[in-house]
Structures are given as C-alpha cells and as structure tokens.
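Next, two complexes with chain A in common: one pairs it with chain B, the other with chain C.
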Partner chain A sequence: MKITQCTKRFHKRIAVDRLSASFDTGVIGLLGPNGAGKTTLLRCICGIYKLNEGSIEGAENGVGYLPQQFGMFRALSVYQMMEYFASLKKIPKHAQKDEIERCVELVHLSDRLSARISTLSGGMIRRLGIAQALLGNPEVILFDEPTVGLDPEERIRFKNVVALRRHQGITLISTHIVNDVEAVCDTILILNEGHLVTSGTSHQIAQLAYGKVYMLSEDQESNLHGLFFVKDRVEEDGTSYLRVLSPDAQPGKQIEPTMEDGYLCAIKNY
Partner chain B sequence: MCHQKLLKELSIFRPMLRKMGAIYFVPHLFLYVLIPLLGIGYMLYHQDVESIRGLVFYDFQKFIPFMSIWWVLFGLNDYVEGDSSELLRVYKHSLLPDFWLIFGWYILHVVILFLIFELLLANYWGDFLLIVTQSLAFAGSAFCLLCVTRTLMVPFLGMLLYEIFAMLSNFGALAYVNLFSLQRMRGVSDFIIPYSIVLAVSCILPFLGDFFFQKRK
Partner chain C sequence: MPITERRNNNFWSMKGGEVKELSMVLCRSPHLLIGIIIELIVILAILIYTLVQFGSDPLLYFQIAHVTCVLMFLFTVYSSYEYIFTIRKSGIEEVVVAQCKAKGSLYGIAFFILLVPVLTISFIEFLFAAFSSICQNMPVSLYVHIFWGTFLDSLLSGILAICMGMFCGLRLERIKSYSYIAAFFFLMISASELIPGILNDGYHIDIWPIKKLFSSIFLPDQDWTIDYQYGLQIEPFRWNCVLFWCFLFFAGVISKVSQHSSKIRLPLIGICLVFSLTNLWGFFHSGSVIDLSEAPNSVFRTDQVYYRNEYPREEPADFQISSYDMHLHIGRQLNANVSMSVTALESSDAYRFTLYHTYHINRVYDENGKNIPFFQDGDYFTVASDNNVRIITVEYEGFSPMFYSNQQGVCLPGCFPYYPWAGYKQIFYTTPDSEVGLASFIPRTDSPKATYSVNLSSSSPIYSNLGVLQSKETVCGTTNGLSLMSGMLETKELDGYVMISCWSQSDFFHFSPEYFDTLQETITHLEEERGYDEHIDLKKYTLFETNETMLNRCGYGLAVPFDDHIFLAAYPDVKCVAQAITYFIHEGPPLTIEEKMQSEGVLP
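The block that comes next holds the complex of A and B.
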C-alpha cells in the first residue's frame, strides 16, 4: 500500500496534512492522541472520504473495516448478520458457512451463532465487528480502536488474531492505547495534528526517549525545571517516585525508556 | 453473468428485509387487511358496482403508492444514517439494485392484491399501470430524498405531507401537481397524458438518488 501526499480538509480544518507512507505485508499501528487524524486517514483508505490531494494505492480490491462506532441489525442473529456481511463482501454462497464459522471462532463467538444481536453485550458486538472485518480474508484490514470495550482476555485474543495475519496481508490498527500496538505491530506510525510525526518499530519508537526518562523521589519534584512531563507516580518500599520525561537534564537517575515514553516524546516534541 | 449478479443481490436483499423485524409487515397490513376490509365494507353498503369500483380505486391510490416508500426507507436507511452506515458504505457502493429489488418485491405484492380484486369486482387492470407509476413516483422520490438528506425523517415526513395534500386538494390548479387521479383509467390515452411524464421522471429519480449516495464527502 502506498499513500502519497494524502491531504483531507474539512472546510478550513486540515485533518490529514500531506501524509506519505508505504506498507508491506504486516501489522501497522497508527498511534496518536485524539484528533490526530487517525480515523480520517482510515476513512480515506477505505473510500468513505474523498482525498483533497494525493493518492492511496493498494486498497482497490476491497478492504475489511472495523469503524470506531458501528451498529448491527438488532433483529438478526449473529449468523444472519455475518451472512449479510459475507454477501456484501461478495463471498460465494457455498463458501460462506465455513468462512463465517472460521471468523466467529477467531473471536470466540461460536456458541452465540444463533443468538440475536439485541441480546449481545457491547464487548461481544465489538468482537462481531472484528469477525466481519476478517470475513473473506481481505488483503487489507483496517481496525479503528478495535479493543475498546474488550475485556483483558479478549484483548489478548485479538492480538493473537492480528499476529496470525502478519504474513497474510496488511493490517492497520488505529488506536491511542500504546499497549495495543506495542506487542503486535511490526511498524508504528505516530500521527499528531494530521502530520506523520515519526515511524518505526516499537524499539525504535522507544529509543526516541533515550536519555529523557528520569526516576526521582517525590521530594525532588520541586527541583524539576525546564520542559518536563510527570508520566507516572509509583510507590516503592514506602517511598513515592516520579517517572518524568524531559528533554532537559533533571535530578534523579536516567532509566531505560519504554515505547510509551518514546510515543510521548514524539507527541510532545521533546 | 447477469444471473449470478442477480443471485448475489438477492442474497443481500433477504437479510435486508429480515433486519426490519416486525415493521416489515406494515405494508402487508395495509395491502391485505385494510384495503380488502374496506372493499368488503363498500360491497356491503353499496349496491352499485361502479361506485364500489370507484371507492376501491380511490383507496388503492390512498394506500398503495404511500406504502411503497416503507420498505425503501426502512430497508435502506441503515446505509445512509446511523451507526451502521459507515461500515455498510465501505462494502456497498451502489443502492440502485437494492432499490429496484425492493420496488419489484412491493409491486409483486400489489399484483396479488389486484388479482384478489379482479376476482371480486373485475375490471381493475386498467388502473394497475397508474398505481405502479404513482408507487414508483413515491418510492423514487423517497429514495432520492433519503440519499440527499441522509436521514429517514425528511423523506418520510415529506411523503406523508404530500400524501395528505394529494388526498385533500385534487382540484383547480392544485390538481396539476397532484399525482392522484379523480377518474379511473379507461384507456391508454387516460394514462399517457399526464402519467407518461410522471413515469419517465420517476424512473430517473432512483438514479439521481444513487448518484448522491455514491458521492463521497
């Protein structure tokens, strides 16, 4: 997939600004704060939005898509709903049953095939949304905030499903939850205010915060100066410690950065 | 190839009707309960067959064209508004086949009603083309408005208001913008002027609606 100078404006507001990127087969994470342009970019890729400038190649053969918010037809059963999506995705009738069972199994909803959508919980509907995106094993799958409303076990299951697809096509996951992308994504793109800030592997992103993460005791807080961001407060052996990100030298000891540290440094331009 | 395409569209069509739940049966209530009951009432209280035919003909105009918007609006509204529209729009690029399938399905129901009345009172097929044209005008306008406004309320209320207008103001200059006919169709000439123009415009409306549906933001 190749995105070239992709620009999307809504009146005077620029949601995505001259963004270029290219992806090979694998799992790609789109990370960014709220309003960074992640959803707009996904909508441009799947054809909901028309680009103002630029082009997107590689999604012409149809995509699997899970939007941030979506509704299902409450009067239908899980199987009927999946059958409907299978028909929309033009999966041949004779192959639909096996394909539906495969996808429903992946999201752990096999025992709910005959249940009405109206009886499902929010998390189950989310899983059904993931299952419909997987139907037909499309070359490109776009997940927008896929783990919202999922319990920890189902989050792990989702990560495993994504990991299974690693060599089968492009899977794009948009989220602002760093943990969701850290474990499964081969490449991570960080977006902020419509711009691509940086991209790389989770290790490369973490290294953006190298030498900028400090651990100091709470009584040293008053000595902090310049630009800094208190990321965490932890209690250890009865003493409170602060985990601080800063581009300036600070009191306390420097520690090994995590990907979340790297992400925050990229967003805050440290 | 065309046959396969039709089969694919039919496989989407069935769940689309099913997802409406109980409201799917509202046109059935009008077509197969209300209209026949009114017809039986006319037969019981009127002696003159021609006046019964006239009353039934007016009921046809009152209920059949308006009910043609029901499945179009409630079957297709998920593609244009609400939580599911974003997802459905990714997978569905045109609503034109769905519109024609829904409309065809509705007309099939109307044919059954006409068959019933043909058996009871005879001499109704002359009006059939008029009712189909009026139904297409209602359904096409509702579909077009649905795609343009992307909300169910505007086409529904718009068509309801037009229905009330058509029932109450079929006289003077207002008759020119009223689809309802005061007299039954006794020959082709009754239909051609002015309904051939209405039919032609009504055929264009679904295409216009689909153009707006396909238009991306």
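The block that comes next holds the complex of A and C.
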C-alpha cells in the first residue's frame, strides 16, 4: 500500500496533511492522540472520504473495516448479520457458512451464532465487528480502536488474531492505546494534528526517548526545570518516584525508555 | 488468500442474500411489521366493504375505493421512513461503504423491499376493481382505465411515498420528518383548499397552481359525481405531478446514498432533476383537464367569473357557411384548422363569428393563403374582409375548462362553439344572482345545415353524429351541428335505436329498448295532444347519452336535439324527457331562467 501526499480537509480544518507512507505485508499501528487524524486516514484509505489531494494505492480491491462506532441491525442474529456481510463481500454462497464459522470462532463467538444482536453486550458486538472485518480474509484490514470495550482476555485474543494475519496481508490498527500496538505491530506510525510525526518499529519508537526519561524521587520534583512531562508516579519501598520525560537534563537518573516514552516524546516534540 | 468473489457470475444469488437479511430487518422490527400488517388488514377491509356496497357500479367502486390509495400512501411513508431511519441509525452504513462501496446497494435493496407491499396492495386493488368490472361484464378498455388508474394512484403514489420516506429517513430526525410529512400531506388533501381559496378570494393572491402541485398527487375531487364518459381523472398532468415529486425526492435520495467519488453520482442526480423539471413543465402545461375545485381556472369558476362581466351578443350572420373542412388534433388540448366556405348574403366589410373565448386564434387566412386581419373579443371574433373571399381558414388552439378535449376524453357537443359559428350568438347566461354560481350554458342548435368534412388526429376513436372517426380518418356529412364525443363510450343497437352511451352506467338507470319504446310512445302522444304536424322518430336520430358534465355542470337539461342526433339524459322519468325533446324540437330551446323570470314579470 502506498499513500502519497494524502490530504483531507473539512472546510478550513485540515484533518490529514500531505501524509505519505508505504506498507508491506504485516501489522501496522497507527498511534496518535485524539484528533490526530487516524480515523480520517482510515476512512480515506477505505474510500469513505474522497481525498482533497494525493493518492492511495493498494486498497482498491476492497478492505475489511471495523469502524470506531460499529453498528449492526439489532433485529438480526449473529449468523444473519455475518451472512449479510458475506453477501455484501460477494463471498460465494457455498463458502459462506464455513467462512462465517471461521471468523466467529476467531473472536470467540461461536456459541452465540443464533443469538440476536440486541442481546449481545458491547464487547461482544465489538468482537462481532472484528469478525465481520475478517470475513473473506481481505488483503487489507483496517481496525479503528478495535480493543475498546474488550476485556483483557479478549484483548489478548484479538492480538493473537492479528498476529496470525501478519503474513497474509496488511493489517492497520488505529488506536491511542500504546500497549495494543507495541507487542503486535511490525511498524508504527505516529500521527499528530494530521501530520505523520514519525514511524518505525516499536524499538525505534522507544529509542526516540533515549536519554530523555528520568526517574526521580518526589523530593526532587521542585528541581525540575525547562520542558518536562511527568508521565508516572510510582510507589517503591515507601518512597514515591516520578517518571519524567524531558529533552533537558533533569535531576534523578536516566532510565531505559519504553515505546510509550518514545510515543510521548514524538507527540510532544521533545 | 482472499476468498471474496470479485466476478459477478453469481450476482443475483449474492443480492438474494442481502435482500434476505434486509427483509429480516423489516420483519423483525415490530413497529414496522405491525404497521404493514395493519395496513394490509385495513385496506382489505375497505376494499371488501366498498365492493359489497358499490360493486355493481365499477367506476363508482373504483372512485370510492381510492381512499385506500391515501391510506397506503400514509402507511408507506411511515414504514419507509422508519425502515430507512433504522438502517441509518444502525451505523452499518460506514462498514458497508468502506468494505463494499455498497451504500447504493444497501438503500437500493431497501427501496425494493419497501416496494413489495406497495406492489402487493396495488395488485390487490387492481384485482378488486377488475373483479367488479368482470361482474358487470365491462369491455376490455375499462380494465385498461382501471389498470392505469391503479398504476398512477396506487403504485406511483406508493413509490412517491417510499421516495419521500427514504428522503426524510436519510436526512432528518423524527420530529422534523413527521412535521414535514404532515405538512406535505395536509397540502395534498382537499382540507387545505381553504388556504388558496381565502388568499385568492380575499387578497387576490393566486397560489392555486402550487396547491395543485400537491393536491393532484391523489385523485382530485373524489366527492364529485363521476363523468362516466370521462372516467376517473388520470390525465397526463397528474402523471407529471406524481413523477415530478418522485424524481425530485429520488434525486435527494441519490445525492445522499451515492458515493461522493462516484462518477455517475452527479449525472444521475442531474438526470433525475431534468426529469423532475420536465414533468413540472408538463404539469403547468396541463391543457384540458377536469378541475372541480374552487380554483379560478376550474370548471365552474372560469365561466362564472368570466361571464359575470361579459355582455352577451346576439347578431344574425349576414353570410352563410356552406361547408366546413376541419383538421383537428386532440392531444392535451384541441388544435384546429377549420376552413369554411362562406357566401355573403349582404354586402359587408366583415364576417362575424362565435368561438368560445378560451380558444386562441393564431391565424386567419383566405383560399390563397393570404392572412386576413381578425379581432377576437371574448366569445366573438370578426374577420375583416371584402365579399370576394370564398374560403376562410381559422387556425386556433385551446381548451374549455368545462367541455374537455384531451387524450382521456372528448366532450365537444355541436351546441357549444368549439368551432366557428356564423354570427354572434349568446352561449351563456348568468342569473342576477350569479355570484353564487347560477350560470349556465345555452345549448345552441340553431345553426343552419352545412357540409362537414372532418379529419381528426386523436389517440382514441371519436364518436360523432357523422360516424365513428378513427385517427387520421375523414368523415363527411351534412348536419346543423357537429358533435364529437370520446372516452368510455360504445355504440349500442337497441331494437333499431342507435345509442352512443357509456360502458359503465350508474346503478339506478340503464337505457333499454323498452325505455326507448315508451319514450317514443310518450313523444307521439304529446305531439298528438299538441297537434304538431311533423312527428319525431327517435330511430332516425343518433342518440348520445348526455354525460355528467353536460347535464349537471353546464346545465344543458334533459335533452338537446339536433337535426340528426339528440343528447339524451339518463333520466328514469320518461315523461319529462319526452317533453324536453318534443318542445325543444317543435318550439325551440327551453327558456333560460332569465327569460322565464322576464316572462313572469319578475325581471324587466
């Protein structure tokens, strides 16, 4: 997939600004704060929005898509809903049943096939959304905030499903939860205010914060100066410690950065 | 590897899957399903009740059963709105668009699902009406009329209801939608006629055309007696009206459901808007229609208002018309080219004619094609010419609000000046209290005999006193008045009496050989009583059934006799009809109310 100078404007507001990127097969994470342009970019990729400028190649043959706000016909059963999507995706009639069962199994909903959607919980509906995106095993799948509402077990299950797809096509996961992408994504793109800030593996992202993460005791807080961001407060052996990000030299000791540190540094331009 | 089948080799089975699930959405939404079930039950109940009550009169049944179209419209708007609103609010749109670019397909299938109940009910309505016609042994043409009537008032209105419901469902929230729908519906029904009525009569603001754009969607003027010759009003302008709205709402629906990036989006919207505007143009160029409302150009108001300020003229012709050569085209209105062979009886610089005022003369010329100056003033026109002119040709077009002439029916009796008559003749009278509508046409049958050659272009056969005219045919003959009638008519031979009457007739009276025998006997008896020398033989006349328009709307009375044909009202009191014929033929036309009042000394 190749994104070239992709620009999307809503009246005067620029949601995505001259964004370029290219992906090979694998899992790609799209990280960014609220309003960074992640959902807009996904919508541009799958053709919901028409680009104002630029082009996107590689998604012409159809995508699997889980939107942020996923809706269903509440009057239908899980199987009927999946059957509807299977028909829409032009999955041959004879293959529909097996394909539906495969996808529903992946999200652990096999025992709810005949249940009405109106009886499902929010998390189950989210899983059903993931299942319908997987239907037909499309080459490109876009997940927009896929783990919202999922319990920890299902979150892990989702990561496993995504990991299984690693060599089958492009999976693009948009989220602002760093943990969701850290373990599973081959490449991570960080967006802010419509711009692509940086991209790389989770390790490369983490390295962005190298030498900028400090651990200091609470007593030293008053000595902080210049630009800094208190990321965490932890209690250890009865003493409170602060985890601080800063481009400037700060009191306390420098520690090994995590991907979240790298992400925050990229967003805050440290 | 993706297992998605990109080739559409199994297209319909794929669509079948979508239809199945989307139908399920409809069926499993209690408020929608119950709505449709109630709709079916109510409509069936009304149809059965109406059939039992009025089944013996197919047209009356058809007219009364039209209330089901209104009900269906309401139910369809409701179910369409709620169904589309359900789909929209489900949030599924985004997934469908993203994965399959199938937003159009999603709503397209929804449209066809909504169409199923509309088609079913329309078919049931047609079957009931057809059953009523079968029971009365009606000719095939009536089924055609019923078919098109059902198509327009039920199916097409139903489609409009779907389009409107979809349009609102895609764009508006409930309260706003139902407010707009309620306002639209209010404008469609006759209750809202008060608004243009008050505005027009009180403030001279004419919003009737706009009102008609709404009220012509349903069969208008349903509480009026049917003109059995004309049938129910399914004139082209009503098709234009319904199609205008359909295409307009459809354009709105397309603009919402089609992909913005789609190349056919704008052309499709453009085509819909062009069709919509074309139909709007057609609506406002309706031509001849039966309009029984209170609008200024309606059947009653036009003549009432016009003749209130017009003074009738009566001036015998100082020339004679020996023959008419007519080329008539009847489309939405009458387009005529009438050549008259004239012979001056006295030296004069002008020829005076009578021609109903709504026929607009475009050109008058002589036998050499040379234009002759003319002056049209209301019902009269004057052609300035010396006495050397032998043939005067008049080209004119138009229609009378009362005496219709369109593809659906023609009612142009010889006693109405739809073609030029020699001399000035009073054709209308108003009583002193004409404000309340006491105004009537005067049937003039006193034109001298002339030879007629009539060539006609029309979509249906025309019955005339000179014979039945098919389109592009010419009939010739001599008479003192040419009557052209068309619509749901047939020629009946009743024991020697030749009758041109409507297929469908009201329940209380039918023409029969016995009736004519009794009528003939009564006429002969009256003639003997009064001592008339000449005797009327009804078998020598072509008998035309006087239709509702002539009898009750323009006030032509029970009988209007010409030399070779008589217009006869379907009236069971034989004596009254016999008197009307006898006195008219032997003593001249009956007195107008004005003349009666003058003879009784009430008026000076």
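Operating definition for what follows: the second predicted complex is superposed on the first by the 270 of 270 C-alpha atoms of A that agree within 3 Å, B and C clash if a C-alpha of one lies under 4 Å from a C-alpha of the other, contacts with A are read in each partner's own complex, and residues count from 1 in each chain.
Note that in this section a residue touches a chain if its C-beta (ideal position, glycine included) is under 8 Å from a C-beta of that chain, and two chains touch if they have at least 3 such contacts.
This one's a predicted model, so the numbers in the text were calculated from it and none came from an experiment.
Overlay on chain A: chain B and chain C clash in the combined arrangement. Look at A:Asp180: by the touch rule set out above, it reaches neither chain B nor chain C.
Between chain B and chain C, the partner in contact with more residues of chain A is C. Of the two partner chains, chain B and chain C are each touched by A:Leu88.
Contact with both chain B and chain C is seen for A:Ile48 once the two complexes are overlaid on the shared chain. Of the two partner chains, chain C is the only one that A:Gly136 touches; chain B does not reach it. Of the two partner chains, chain B and chain C are each touched by A:Tyr65. In the superposed model, A:Leu76 makes contact with both chain B and chain C. Counting contacts as defined above, chain A residues 43, 46-48, 50, 62-63, 65-67, 69-76, 80-81, 83-85, 87-90, 93, 129, 132 meet chain B in one complex and chain C in the other.
Chain A contributes residues 43, 46-48, 50, 61-67, 69-76, 80-81, 83-93, 95-96, 99, 129, 132-133, 136-139, 142, 168-169 to its touches with chain C in the complex. Interface residues of chain A facing chain B in the complex, by the touch rule stated above, are 43, 46-50, 62-63, 65-67, 69-76, 80-81, 83-85, 87-90, 93, 129, 132. Taken in their complex, chain B has these residues touching chain A: 7-8, 11-12, 15-16, 18-21, 78, 82-84, 86-92, 216-217. Touching chain A in their complex are the following residues of chain C: 1-6, 8, 10, 13-18, 20-22, 24-25, 28-29, 86-87, 89-102, 105, 259-261.
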